[in-house]
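Here chain A shows up in two complexes: once beside chain B, once beside chain C.
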Partner chain A sequence: MTAVSMRGVNKKYGNVVALDDVSLNFAENRIHGLLGRNGAGKTTIMRILTGQGFESSGSVEVFGQRPYENADVLSHVCFVKESQKYPEMFSVHHALTAASLLYENWDPDFADSLVEEFELPLKRRIKKLSRGQLSALGVIIGLASRAPLTFFDEPYLGLDAVARQRFYDLLLADYAENPRTIVLSTHLIDEVSDLIEHVTLIDAGQVLLDEDAESLRSRAVTVTGPARAVEEFAAGHSELHREQLGGFLRVTLSGAAPEHSPDDLHVEPVSLQQLVVRTTQQAADERTASGATNNKGTRR
Partner chain B sequence: MDDGRPLFLQIAEQVESSVIDGSLPEETRAPSTNELAAFHRINPATAANGINKLVTDGVLYKRRGIGMFVASGARDQLLERRRQTFGEKFIAPLLGEAHKLGMDAEDLKKMIDAWSDET
Partner chain C sequence: MTRLFKVVRIQLVNKFAVLGMPLLVLAAVFLVNMALYGVMSEPSPGGERITGALMSIYCVMLAVHLQTITQVFPFAAGLSVTRRTFFGATALVVVGQSIGYGVLLYLLNLIERATSGWGLRLQFFALPFLPQDNAPAQLLTYTVPFLFLSFIGVWVGIVFKRWGQPGVYTVVFGAGLLAGALAVAATWQEWWPSIGRFFVEQPPVALLGGYPLALAAVIAAVGYLTLRRATP
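Here is the complex of A and B:
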């Protein structure tokens, strides 16, 4: 079952193309990583999927229906935004009560234990909360809503490493008990790379990668060693990156590594974060290259 | 945890190691998918893949409604398998490094004897 399906979706803000022919699926009851640089289009995708914006063209389905102004769908969706705003005069308690009325799967006991876990003062007004406490409130609402489709868009602003780790642990434990579709959008790829089952990488409004995390893990290797040996090894593989220091060469290659590598070469796996960085850089380079030829064309 | 190989294989190997060193005796309950996921901070589906591999290999078996248990004879089976791969995994790289340093197999044997005496 797919929770989310986008087919050939375009989104324009005036002349700006935010999404360019995006097609993706989020399978049900998995943790998805929605990755990409700032301005890549991640938030636009999440806004469209949660009915806070609409596509310029293409088809969008959430649980089989178009989400825009569709209460059936939206009551099953929770969207925790980056720098989420709650009414300033609300207390933490008010915000949690409002959320409990909104989400049919809301678990009040779980919410209480999360408030304790993140040491959030229930009676304090929203406007008096620190940045980290505001983020904690968003995280609590996202988790306790138990919505069948939950988006966390960079929910960490102001959360320290300890609180983030707590969030990951709580998310994993609760997801194991109550499987649901979770979409994590984040720049902290190293922190979530073992949590997510599926990766969608967006760049410049397009989908660059849409694959299982496990298959991406063995996707690329970094080979370091004497330049000639590395060149020999690299022949026939597609190259993502290259650095040279004197006679020493380091290349990042995509495609599975041969089982037996020569002794004088150092072959290392590439982390998901490195793979995302390299893939995005490569796409940017290709864009500049094709952009340059296009300009030549128009000048004639 | 990361050495580039699929995570579920690493999970399976860790459970195997516990069986081999005796901390997870035969016919006792093995960690559940969710326990493994929480402990290693990995996706439960990945942990489940690791468990499934162990079941397929006959290391674990399922007791309905209770959980996964270590099979009888699992330890011997694992020892046999690890001994078979010992050469490829440890001896080959050892010889390779020794060769680089200009030592032959004879030198290595002497070195191993010397070290065994010390420990």
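Here is the complex of A and C:
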């Protein structure tokens, strides 16, 4: 089942194209990684999917219906974002009470245990919270709401590495018990690469990758060795990146790893983060190449 | 429907900020007036002390509901509340609060009369231009300005959310220009005598209750249409 589907979605702010013909699917009851650089269009996509923004053209469906002003759909959607605003006068418990009223699956015991876990002071005014505590509040609302579709937009700002790991562990444990569709937008790709089951990579308002994390992991390799041997090996493969050091060459190749490789070549799988970085760089190179002569040597 | 009332409850989660603040300001202004007139010498017999300080609670209402949009709306939208539901809940709170305050001011007005102006011949709550024995007219006259100003606050908040500071300036200057243009037109076309006659001939209830009520409804409707395309 598909929880989310976008078909040919465009979004313009004046002359600025934020989304350019975006088509993507988020399957139900999976953890999706929505990846991309700052300003790539990730938040715009999530704002449209949660009815907070609206598309300029194209079709958007969440649980089979257009989300804009659709209370039936939106009551099943929770959107935790880094930039969430809270009323000046609200204390932490006001925000949690409000969320508990709106989400029918809200688990008060779970929320209490999370408040304890992240040591959040319930009576403190939200504007007095530290950046990390503010992020923790968002994370608690996102987890305890147990909304069938939950978006986390860089929910970790100000959280230290230990707290972030607790968040990933809690998310995974609760997801195992209460399966739902989770979309995680993040820059910390290495940290979540074991967590996410599906990857959507956005760059400059376009979808670069929309694939299972499993197949992506086996998708690219780096090949290191004497330049001539590497060149021979790389011929016929799609090249994402190359680094040369003296007579040695290292290239990142897309396509399944070969069954056998020459002895003088070193072949290793590419991490998700490396793949995302190289794919994004290649797309940027191609954009410059389509405008002017490309001198970066990227080729297919 | 139930979601509408849940959003009403969310708007009132912090009751003090919405319901308490206007009363607090009113109480403070009232006490200051009492103290001021308490130390002043007695007015000459038959002279009444009329203050315009009652306006304060109306202005605070405008500010409170401006903030309902600028502060609570982005939060509620973050919890997946639709604009329609949020506006409906806001309208319910505004109407309920306006009626509640209207009744309260009416009762305080009765006390003021019974105690001959709090023992100081002070007319703080009284509306001197209204017939004193017409309870429904007085209730309406206390209530409607709350509605009118609250919906102005709501609309200005929505304009701010949708078009930012430039939008608010445009609305304020636009309203000023419109008023100026109408004044010029009235002078040029020599409408003033008939305008004056209109105001004199209208019963006070229509002037302070009927027309502002209709205007409040129009502003509320415009506010909703503006909110439809606003982003939190």
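In this text, the second predicted complex is superposed on the first by the 292 of 300 C-alpha atoms of A that agree within 3 Å, B and C clash if a C-alpha of one lies under 4 Å from a C-alpha of the other, contacts with A are read in each partner's own complex, and residues count from 1 in each chain.
Note that contacts are C-beta pairs under 8 Å (C-beta built on N, C-alpha and C of every residue); 3 or more make two chains touch, one makes a residue touch a chain.
It should be emphasised that the depicted structure is a prediction, and the values quoted were computed from it without experimental measurement.
> Between chain B (first) and chain C (second), which, if any, makes contact with A:Thr200: first, second, both or neither?
Neither: A:Thr200 stays clear of chain B and chain C.
> For A:Glu268, using the defined touch cut-off, is the partner it touches chain B, chain C, both, or neither? Pick first, second, both or neither.
A:Glu268: touches chain B, not chain C.
> Report for A:Thr181: first if it touches chain B alone, second if chain C alone, otherwise both or neither.
A:Thr181 contacts neither chain B nor chain C.
> Identify the partner contact of A:Thr222: answer first if only chain B is touched, second if only chain C is, both if each is, neither if none is.
Neither partner.
> According to the stated criteria, A:Thr150 is in contact with first (chain B), second (chain C), both, or neither; which is it?
Once the two structures are laid over each other on A, A:Thr150 reaches no partner at all.
> Which touches a greater number of chain A residues, chain B or chain C?
C
> Touching chain B and also chain C: which chain A residues?
none
> For the complex, which residues does chain C have touching chain A?
3, 6-7, 9-10, 13-14, 16-17, 67, 71-72, 74-85, 228-229, 231-232
> Can you name the residues of chain B that touch chain A in the complex?
Residues in contact with chain A: 1-8, 33-34, 37-38, 40-46, 49, 96, 100.
> Show which residues of chain A lie in contact with chain C when the two form their complex.
So the residues of chain A in touch with chain C come to 47, 50-54, 69-71, 74-75, 77-79, 81, 84-91, 94-95, 97-99, 101-103, 141, 147.
> Looking at the complex, which residues from chain A come into contact with chain B?
Per the touch definition, chain A meets chain B at residues 30-31, 168-169, 172-173, 175-177, 194-197, 213-214, 217-218, 221, 263, 268-269, 271.
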